[in-house]
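Below you'll find a set of structures to go through.
Shared chain: subunit A. Partners: subunit B in the first complex, subunit C in the second.
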Partner chain A sequence: MTFGTATGDGERGAGFRVDGTWVGAPVTRKEDPRLLTGGARFVDDIHLPRMLHAAFVRSTVASGHVTSVDLSRVLEVPGVVAAFTAEDLDLGDITPRLDRPPEEYTETSMPILARDRVRFVGEPVAVVLAEDPYAAEDGIEAADVTYDVTPPVLSEEQALAPEANAVHEQAPGNVLLDVSMFASDGIDDVFAEAPCVVQVHTRTGRQNALPLETRGVVAGWDSRAEQLLVQTCTQVPHQVRTVLAGSLGMAESTVRVLVPDMGGGFGIKCVVGREEIAVAAASIRVRRPVKWIEDRKDALSASFLAREQRYDARAAFDETGRILGLDVDVLCDMGAYSCYPFTVGIEPLMASSEMPGVYRVPAYRVRGRAIATNKAPTAPYRGVSRPQHVMVMERLVERAARELGLDPLEVRRRNLITVFPYTGVNNVTYDPGSYLESLNLCERVIADEGWYETRRAAADQGRVLGIGYSCFNERTGYGSDAFAKRKMQAVPGFDISEIRMDTAGAVVVTTGTMSHGQSHETTMAQIVADKLGLPLDKVKIQQGDTDRVAYGWGSFASRSITIGGTAVALAAGNLGGKLLDLGAHLLETPRDNVELGDEGVRQRDDPARGLSYRDIADVAYLKSHLLPKETEPGLQASASFDGVGDGTFSNASHGVVVELHRDTGRVEILRYVCVEDCGVAINPQVVDGQARGGIAQGIAGALFEKVTYDENGEPSAASFLDYKVPTACEIPDVGMHHIETPCLFTDNGAKGAGEGGTIGAPAAVLNAVNDALRPTGVELNDTPITPQQVFDALTGALEVAP
Partner chain B sequence: MTEPDKVLLTLKVNDAVHEVAVEARRTLADTLRHDLELTGTHVACEHGVCGACTVLVDGDPARSCLMFAAQAEGSEIRTVESLAGDDGSLSDLQTAFSANHGLQCGFCTPGFLMLAEGFLAERPDADREEIREVVSSNLCRCTGYQTIVDSIQDCAERRRNAKEASA
Partner chain C sequence: MKPPPFTYHRARDVAGATDLVAELGEDAKFLAGGQSLIPMMNFRLARPEHLIDIGRLGELSFVDVGPESLRVGSLSTHRAVETADLGAGFEVVRDTMRWIGHLPIRTKGTVGGSLAHADATAEWCLLAVLLDADIVVAGAGGRRRTIAASEAFLGFYTTVLEEDELIVEVAFGRPAPHAAVTEFAERKGDFALVSAAVDLDVSSGTVSGGRVALGGVGPAVVRVPEAERVLHAGGRAGTDLFETCAQAAAQAVEPPGDDDAGTGYRKALVRNLVVRACEEAVAR
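Now for the complex of A and B:
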């Protein structure tokens, strides 16, 4: 594919494809200039007149009853203006709901500020307002809070022990969700009779999504608009509005949520937090705007976390390596509270539904549980469960290959779904993908680059190299039907887009999705520009304003380009229809004799004859007496789109080469290859960027990052010194390769691309490490893999599994 | 408790001289952002690890969250706002970041730009491995770093080519 230049920006990829479309071209991003010059506006860049700064008094104990909160000394601190407890603000709780029976789901609530109980270290107890953030920090240190401490519940063993303390009274056993979504008839017989049964027991570390920009908000009453203006970095502005208004007892129309530039989210910002609500309520009490910016310590320890899961999985195979059955028990440590709107079901239900993945699994049984512990709560994090359960599934395949003496890639090939649409044992219908093709290409790239020879030669020199793969799909473009299967009481799915053309022929398009780094201002503009024959600079995307966007579900689950991108395309198409109607009328030619192109409407039989959009807009706005009788003035249109069926599945295969260092136990990644298929790539450079960034986060989970606690529940990785975020020296370059299997129901064939990288990386890295450890007989199953484990494995200090 | 004393400072930032009265404990990052309203410099960890707050102090990259504003008196400070031309045109370094998709959310980007600006001034001949080593000074959560290394390498090569062409 070659690219032309559209805007005269010279050689640097600002052009469109030579076939004349913006979609598919690696255009430079519309977002970049402001982000590169310091001209962007993030939430902490906002300053309002008379603005105060908030800091939170947070629980210093993991579990206990609050016996007293004395803020009198706080108010004596210079610069402190006010301080409020839960009792002072009297706010409604956040209560996420699932439509499941009590034996499956226990509903719990998260108060905005803790009242009588605290459930994790860092839980907000009071909010302090001061003239500057330094004084607010001084203020929280003067707070005197006493607790009647109870023993914390910090692990699965403690949570499920018969005499365990209850994190929530209504869930005495600390199980908030216990669902068996699938149990194939006769599955016990399948396992009893199978020639090969393998087991994998895995634990994965608790992680932080870790956007570089922490959470934050600026809230204040806007007297002119008669609205509470809440400027906050959220992936879900409308959901924040709903919950915030409910908690404060206000009509939603009196709350406007506005999202400034956002410094990443990765899921942690797609739930409704308590701090933004407390700050909004406090701002109303003091009748001044209030800003809160989370510090890194709180972001690491008292925000939302994810990924702490335990799997007991077994799979049955026949002698040729074909899967006969899959039997899984997954338990997710969701911390102290359920998140809105997803609930504590987010991780166990995702794992239960998606576990069979890219393989043909004839019999399936799964039990998914969510337990409550005295740790910071969980939110969705890029990939949600799939990085974990794909790793477990890929480990099962690798184990079977070892037991049967088969090539693990051959075992995969014998089980991959190759005929589409395919309806699985999990009652999910997969649309066409390239599962086998992507694996074959991935293996060929690794082989062609000579890594198998390198591994052999290295072994002769006493070096320890391993090659590992992963194969997975990722459901994107969930519609409301697909989400309804989760039985959430707030059911996401559709997106609405409105488009307006102005008097100069440029358009503004709204989307209910919420870009926080994914480049939607560029990619959605590419979609709209193609629909209307416009240059990119005449398309502006508007998002993140609850007054401007009728309703939206924001950005998560790789839904933005599939759902939101189709909605903007349909809206643009509807506006195109109006332009054609009006153009035909003004040209006095039949409607079927006009088409859109190059910023105007032209006649098919005489392309030299046409009207520019500016000409048409001139009539629509400034000479409306020339409009046909039934035609309304103005140029605007709207459309909505909802995902179809079970959504659309992106897929990929990853191949990794690692070297294990004998002296330190370090795992060094020598090569990373990704073959991805997200259907039609709207902007290939952006797709590559999403994959590479996702892979970095997956590697982080596989090798480095883990949220830890001491025996009292005190977070012990509350800074970047202990929570080890990988740098450019740990993250390798990633060789990207593409296969394109277009989605059949999105407007342009695109599938989602946001999460795949993260999903595939832990499995591929773990498999590569285990391949390297093959001579030792050790097989590792848990992440993050530590240098100590690798060192012990290489020195024979680890017990070899029987 | 008494009101914290403020100190009167003269800071030279992006070739402009500013007088500010700030508490002695106020960091350079907060002073740049909230007193001088140069909000392009970002704060993401406040303990000197992530590098989002990197600015140039007398030409060298420094963590402005680890410096008090008072320590910057007498120094020449440069922030991301100094890179583009007066007409808003992007510098070659900024252009290279955009062309190579070296940024996604853009929050860490000013820190990487100032890190690279200082580094390339000192080591214009740096190869990819040296650049990678320097890029590992800062954290990015979006890109996986590869395109940040690409961007800086691209800029360095263009500068070298331009120098050779004019030699």
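Now for the complex of A and C:
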């Protein structure tokens, strides 16, 4: 592919494709100049006159009844202006709902501030407002809260024990969701008769999604607009508005949610948090704007976490390595509360429906459970369950290959879905992908780079190298039909876009999606620029403002480019239609004799004859008397789009080479190769960035990060000293390769690209480590893998897998 | 993660700093690079009522290379030492700096702050103990004394320093041309899980003595006489000797373990890191 350099369009070094399209070109990101030169505005950059700062008095016990909250000394602290308890603010709870029967789902609520009970260390009990954040922290120290402590429930064993304390009264057994979505007839016979049955038991560590920018909000009543202005870093502005207005008992029209630049979200900002609501309510009470910026300690311990799961999985294979059946029990530790709008079902439902993945699985049974524990609650973290269940699936395939004496890649090839569309036992229809092709290419890259020889040569020198792969798909572009299968009461799916052209021929387009780092201002502008024949700098994307954007479901589940991107394309197309109508009228030529071109409408039979958008806009706005009678003045259009069927599946294969250090147990990643297929990449540079960042988070889960608690439920990590997020030094460069299997229903063939990196990495890293450990007979299936485990495996101190 | 209120003082000279701290008593603390103290204050684990900023005492910021000695001023940053020409025989001091945190921390954190903070894996403590450095301190009323590094570190973040005493410099009395420090941590820039430092007396391939120090195996950095005896017994510089030495070091210590890194694993790290340090030292 070749790229040109645009001149005269104001883009610095931005390349467009020589075929003339912006879509597919690695144009430089429109956001970067401001992000890189300190011009961006994040929540914490907002300073309003008379603004106060909030801090939260948080529970110091994991489980107990609040017996008293005395804030009198708080108010004596210099600088403190006010302090409120749950009783003072009297706010409605956050109650996410699933349309499932009581035997499957127990509904629970999350109060904005804890009332009678606390359920995890760090749960907010009161909010303190002060003139500066220092005084606010002095204030929370002066609070006197007493608890009647009850023994906390901190693990799955404790939660499911017969006499366990109930985290929520409604769920005496601490199971909030228990679904058995699929159970193929005769599956027990399949396992009984199969020549090869393998099992994998896995536990994955609790993780924090860790956006660099923690959560935060600035809220205050705007008496001119007669609105509560809530500036907050959220992936879902409209959902925040709905829940916040409901909790405060206000009309939605009196709340405006505005999202500044965001420093990441990764899912923990696609749920509605309680602190934002408490701060908004408090700001109304004191009639002053209030800011709350979550500090890193609270971000690590008291925000939303994810990924603590246990799998008991078995798979049946025939002698040739074909999968005959899959039987899985997945249990997810969702912590103290259910998140809005996804509920505690988010992880177990995802695992249940997606587990078969890229493989043809003829018989399937799954039980998915969500349990409540006295730990910080959970939210959908990038990839949601898929990093875990793909890892389990890939381990099953590897174990079967070992058992049967087959090449694990060959076993994969024999099972990969290659004929599309394919409808699986899980009732999901997969659109075309490159499952086999991506795996083959990935293996070829690793082989061509000589890693198989390197592994052999290293072994001769006593070094321990391993090569591992993962092969997976990722459902993106869930429409409302696909989400409806989850039975959430608030069903995400569609997106609406509105587009306006101004008198100078430039357009502003709204999207209901919410970029929190993915660069929609660039990628969506590329889409619109192509539709209308505009230069990039004449397209401005507007997002993150509930007053300006008609409605939106925000950004999560890799939905933005598929659904939001199609909505902007359709809106631009509709505007294009209007421009053609007007152009034809003004050129006095038939409608089918005009086309959109370089910033204008031109005549097909005589391309020299045409009108620029500026000319057309001049009539549409400034000389509307020249418009045909039935034509409305102005140049605007809108469109909506909803995902089709079961959505569209991106896919990828990852290949990893690791070295295990004999003297320390360290796992060093020597090479990482990613072959991804997200359909048409609107901007390959952005796609690469998404994959690389995702892979870093996947490696973090495989080898580094884990949130732990002591026996009282006190989180062990208050800073990055203990929560071991890897740094650039631990993350390898990634060799990126692309295959393009266009999506058939999105406007430009794009599929989602936001989460794949994270999904494939744990499986590939684990497989590589286990490949290296092969001579020892040890298999490691729990994450994160620690250096001590590797060391013990290498020195024979670990038990050999049965 | 905001500190409680405190009063800020800026020292103009060493005497002013020490006299002021003597006057203010235990509620006062020196502030150097702030890379240890400020995080502790932000977590409200340290709550000094007075901070005496010594950051502008330029006379404490120096690296003085003598023919047979090295003196480093307490306010020198790790980075200043990392980029200094320390002369023959002190390369180990320079090369050890890269193990301390990340570059931004090294550009702020200081030698004196590290020694006074006395983390059980601090590289400066390890170097000082390994190389029998002298720590020169100034006290109120113009007092000065020299503390042998071997006597300086008492336990978890505790030293023999009096409350009014300010570290002025650390002095290394004789070159250590065959010394090396190595470590293991899960992430680059982390405090070491275990660190090992070795200084070998070696000539024409024969070891006749040496020093061994370890970090991360107890509440403070330690020397390991059991391992040093092996070096003193002497032998050819090579795997056999190094492994015997390392084995003796591992046997001599009982590092505290946790879920992710048990005592046995840490002892094994001691063994392997001492071997590695010996190999690097002899190759120097």
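Here, the second predicted complex is superposed on the first by the 796 of 802 C-alpha atoms of A that agree within 3 Å, B and C clash if a C-alpha of one lies under 4 Å from a C-alpha of the other, contacts with A are read in each partner's own complex, and residues count from 1 in each chain.
Simple rule for what comes next: a residue touches a chain if its C-beta (ideal position, glycine included) is under 8 Å from a C-beta of that chain, and two chains touch if they have at least 3 such contacts.
Predicted model, so just to flag it, every value in this text is computed and none were measured.
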| item | value |
| --- | --- |
| Partner chain(s) touched by A:Phe42 [first = subunit B, second = subunit C, both, neither] | first |
| First, second, both or neither for A:Ala504, with subunit B first and subunit C second | neither |
| Partner chain in contact with A:Asp295 - subunit B first, subunit C second, else both or neither | both |
| Touched partner set for A:Ala447, first subunit B, second subunit C, both or neither | neither |
| Partner chain(s) touched by A:Val686 [first = subunit B, second = subunit C, both, neither] | first |
| Partner chain(s) touched by A:Glu137 [first = subunit B, second = subunit C, both, neither] | second |
| Partner chain(s) touched by A:Asp663 [first = subunit B, second = subunit C, both, neither] | second |
| Partner chain(s) touched by A:Ile695 [first = subunit B, second = subunit C, both, neither] | first |
| In the superposition, subunit B vs subunit C on subunit A residues touched | B |
| Subunit B versus subunit C as contact partner of A:Phe791, first or second or both or neither | second |
| Those residues of subunit A which subunit B touches in one complex and subunit C touches in the other | 133-134, 138, 295-296, 719, 721, 727, 729-730 |
| Residue numbers on subunit B that touch subunit A, as the complex places them | 1-4, 23, 25-26, 30, 33-34, 37-47, 49-50, 52, 79-81, 83-84, 88, 90, 94-95, 97-99, 101, 103-110, 113, 132-133, 135-149 |
| Residue numbers on subunit A that touch subunit B, as the complex places them | 12-13, 28-29, 31-33, 35-42, 44-45, 47, 76-79, 133-134, 138, 210-214, 261-264, 266, 295-296, 516-519, 685-686, 688-689, 692-697, 719-721, 725, 727-731, 733-734, 757 |
| Complex interface listing, subunit A residues touching subunit C | 133-134, 136-138, 141, 295-297, 663-666, 704, 708, 718-719, 721, 724, 726-727, 729-730, 786-788, 791-792, 795, 797 |
| Of all residues in subunit C, those that touch subunit A in their complex | 1-5, 39, 43-44, 102, 184, 186-191, 259-262, 264-265, 268-269, 272-273, 275-276 |
